[in-house]
Amino acid sequence: MSVLSLRGLTVTIQTPTGPFEAVRGVDLNVARGETVGIVGESGSGKSVTSLAIMRLLSPRVTVDATEMRLGDIDLRTLSERRMADLRGDRMAMIFQEPMTALNPVLTVGRQLTETWLRHRATGKREATERAVDLLDRVGIPRARARMNVYPHQLSGGLRQRVMIAMALLCDPDLLIADEPTTALDVTVQAQILDLLAGLQQERGLAMVFISHDIGVVARIAQRVQVMHGGRTVDAGPVGDLLTRPQHAYTRALLSAVPRRGMRWGRERLGAVEWSGDDEVTS
Amino acid sequence: MTQAASLPHPSPRKLLLMRVRGHRGLLIGGVIVLFALILALAAPWIAPHDPYAQDLSRRLLPPVWDPRGSFEHLFGTDALGRDYLSRMIYGARVSLLIGVCAAVGSGLIGTTLGLIAGYYGGRVDAFVTFFVSVRLAMPVVLVALAVVSLFGGSLWIVVSVLGLLLWDRFAVVVRSATMQLRGQEFVIAARAMGASTPRILLVELLPNLVGPLVVVASLEVAHAILLESALSFLGLGVQPPTPSWGLMVSEGKGMVFFDARLIALPGAAIAILVLGINLIGDGLRDVLTPEGRS
Amino acid sequence: MLRFTLRRLLIAALVALVVSAMSFGLMFLSGDPAFAIAGEGATEADLEVIRRHFGFDRPIPVQYAAWVTGVFAGDFGDSYYFSKPVVSLLAERFPATLKLGGLAILVALALSIPLAMLAAVRQNQLPDRLALGLGTIGQATPSFWLGLMLIWLFAVKLRWLPVSGSQTWAHFVLPAIVLGYYAAPSMLRLCRAGMIEALQSDYVRTARAKGMLPRQVLFGHAIRNAILPVVSVAAVEFGFILGGSVVVESVFGIRGIGLLAWESISRNDFPTIQAIILIYAMIYVWLTFLADVINAWLDPRIRVS
C-alpha cells in the first residue's frame, strides 16, 4: 500500500474574474522508501499540489480529489483538528526559504521541542533530548549548544538542516520537500540532498521532492512527474524521462539544462516554449 | 490551459473614481463633511435665531423631544436664553474655519520645511529633523494654553497658535516623499535642463506630493478642530459669546447633574465632524495608494 | 553601537535644552512679565519692585543661564503664586499624574491587543470592521466630552463611581479609561497590522505544517512577533498620555501636574509653567529613547549578535 495515494486532485481558486483551476486532475503515488520528484516552472501548480495534500491552503480555495489518502487515512474528510494531529507527526513538509520559515524571535530548541510536545505526551526533558538527537543526526555540530541559538545566528545550510530535523522529529511516514535546496549555495545543495537521501534510506521515508531544477530532481528521485499549467504532462522513472522524454514540454525542459560538452555561442539553450493541451496520467 | 482573454483596461482617472465610489468610509465621511460645510456656509439663512441673542426670561428651555419643549427652540435654550440649535449651526462655522485655516498655515510651514529637508539633504535635513524633534518634545496643549493666555483668547490667536504648532506631520511626510522623488528621472531631467531650484520644488515636486499632502491635511484639520475645542473648553481658546462647540460644552458643564443635553449635543457634533474628516483622510489614503489595501 | 547611543543621548539633551529655552522665552512673549504678574492697575513703582525682586531687569540670556544652572542643581525656582519651591509643588502633584498615566496605558494595552488579535484573525469580517470602527471613533471623540459623558453616566445616573477628586483608586477609573481609550487606536492599528503580517508569514506556515493548533500559532508564534513594535510605541504613547492629561485632570479634578499646569497658566505662575513644560519634554525624550532600547532588547535579531 502506498504511503500517499492521490488521484484526480483539482484545486480551484476564486478570483475577481472567475474561478481559476491552479491544479487539474493530478495524480501522485508514493511508496515507502521511494522519492517522487515533481518538476515544473513557477506557476505550474507544484507547490499548490503539496499544500493541498497537507490541507494548508486557504479555506477559500476549493480542494477536490477522487482519492487522497495517507496510508489508509482518508485526508479529504478529516476534521481540521485530526488533520493538525497528522501534520508534523505522520506527514511533514519543509519549505524553500529557511531564513523566513523559522520564527526569528524563538530559539531553535524551542521550535523543535514544541513540535515534539505537541504530538507526544512526554516531559520537556525527553523533548530536549530528542531534539538534540535529531540536530546531531542532520549534521549540526555542537547540537546541544545550538539549541539555545536564534535562527538568524545560523547559516542558510544549517537553518535548512534545522528544518529537516524539525520535520523528522516525530518520525513521519511522508516528507514533502518544496524546493528545499533552491535558496542554497550549490555546494550546500549537494550536502542537503545527500542528507535527505541518507535519512530516507535509514527510515524508509516516503518523499515528494519538488523543484524547478530537473537536474537536482534527477539526483534524488526514482520517479518524476512533470507539471505544467496545473496538470501533469509527463511521468515515469527518472532514467526513462531523461533519456526518452515522451512529451514536448519535457524535451523543452531538458534542452534548457546546460550539459557538459556544450559550446557557448554554438548551441543555445532552448527556451521552454510550449502551450499545448496534452496531458499524461501516470 | 489558458486564462480568460485580457480585460478592457480603464483609464487611471476612471479607476480612481471607481475606487472612490466603492469606498464606504470615504462616502460616509464625505456626506458628513458636506453637511457640516452647508451648515457653516448657509448659517445666516438656516439658523432660526440669532446665536448671540440672549433672553434671560427663556433660560434652559427643554428641546423639542422633551414633552415640555416647543418647535420654536428645537434644541432648547442655554443658560443665557440663547437658541441652542442656532448656536450649534454657527459652531460648525467656527470649527471648520479654525480647522481649515490652522491646517493651511501649518501645511505651508510643514511643506516648506519638508521640501527643503528632503531635497537638499545633508545639514539642512539634519537641522529640520532636529527642529521636528524639538516640536515633538513639546507638550502641544500646554504650550498652546500658555501662548493663548499671554496674548488673550480669540479666534485668530487660536488659529495662529495651532498653525505654528501642527506642522510636524506635514514636514515628516513631505520630507520622505520628496526624498523618494528626488532621485527620479523627471527631477534629474529638469535639473539638467537648468531649471532653478525653486522651480523644481514648486513645479516638479509639489504636484506629485498632492496625494500624501491631502491625506495629512485632512488629518490635521481634524487635529486642529479637536485641539481648539479642548482649548475653548478650558477657557483659553475662543472666548464667549462666540459659539464654539468646545466652549458650549464648557458652558454646559455646570449643568451635568440636571441637563446632559447642553454637553451631549455640542460634544457629539465635534465627534461626528472629526469622524467624518478622519474617514475622508483614511479613505483618501486607501484610494490614492492601492498597495495600502489588502 | 555605543557611539550611536551617545549621539542619540546628545541630540536628546539638545532637544530638551531648546525646548527649555523656548518655554523660558514664553514668559517674555507678551512683553513685560512684571506686568503679567502684577496685572492691571499696577503703578510703575510696583512694577519696578517686582522687576528687581524677580531679576527681570537683567538681560534675558543672563536670566536664562541662571535658570538653567538652577535646573541642573535641581532648583526650578519658586512659584510666584505659592512662594514655595516649584520642586516641592511638582513632587506633591506628580504621583497622581503618574498613577493616571500608568493606569491609562494599561487600559490602552488591554483594549488594543486583544482587539487587534481578534481583528487580524477575522480580517475584513465583522469583528475586524467593528474593532477598526471603534478605533476610528476613539480618535474622533474629544477626551473632555467623553469624560463628562462618562461622569454623567457612571457618577450621576448610576452612582457607581465618584465624580471628581483623586483620593481613592476609584477616582482614577474613569479618567484612566478616557485617556486609555484615546491612546488605544494607534496601538490597535499597529498590532493588527503586525498580526496580519505575522499570520501570512512563512514561519506561521511552518508552524501550521508542524501541526500546531490555532491557539498555539496565535499566542506562541504570531503575537510574539507582532508585539515588538507595539511595546515601543506604548512607551511613546505613555509620553503623550502624560502630556495630554491636562484636559482629563481638569475634567476629573485629579490633582496632578497637568491640572497644576493649567492652574499656573491662568495665574501667570511662570516658573511653574516653565518647569512643567521642561519636565514633559524630558519625559518625552527619555521615553522615545527607552522605546528604542526596549525594541532592541525584545528583538533577538538585535539583542543577540
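Chains: A, B and C, in written order; residue numbering restarts at 1 for each.
To be clear about the criterion, a contact is a pair of C-beta atoms (placed from the backbone, for glycine too) under 8 Å apart; a residue touches a chain by one contact, two chains touch by 3 or more.
All of these numbers come straight from a predicted model, not from anything done at the bench.
> Treat touching chains as neighbours: how many steps, at the fewest, connect chain A to chain C?
Tracing touching chains, the least step count from chain A to chain C comes to 1.
> Going by average Cα coordinates, which chain is farthest removed from chain C?
When every chain centre is compared against chain C, the largest gap points to A.
> Can you compute the centre-to-centre distance for chain A and chain C, using the mean CA position of each chain? Integer Å is fine.
Between these chains, centre-to-centre, one finds 52 Å.
> What is the distance in Å between the mean C-alpha positions of chain A and chain B?
Roughly 55 Å, centre to centre.
> With chain centres defined as C-alpha means, what is the inter-centre distance between chain B and chain C in Å?
The mean C-alpha positions of chain B and chain C differ by 23 Å.
> For chain C, which residues count as touching chain B in their complex?
11, 14-16, 18-19, 22-23, 26, 29-30, 36, 123-124, 136-137, 139-146, 148-149, 151-152, 156, 196, 243-244, 246-247, 250, 261-262, 265-266, 268, 273, 276-277, 280-281, 284-285
> Touching chain C in the complex: which residues of chain A?
Spelled out, the residues of chain A in touch with chain C are 54, 56, 81, 84-89, 92-93, 95, 97, 100-106, 114-115, 118-119, 150, 152-153, 163, 166-167.
> Under the touch definition given earlier, write down the residues of chain C that touch chain A in their complex.
201-203, 205-213, 216, 220-221, 224-225, 228, 298-301, 304-305
> Looking at the complex, which residues from chain B come into contact with chain C?
So the residues of chain B in touch with chain C come to 130, 133-134, 136-143, 145-147, 149-151, 222, 226, 229-230, 233-236, 246, 249, 253, 256-257, 260, 263-264, 267-268, 270-272, 274-275, 278-279, 282, 294.
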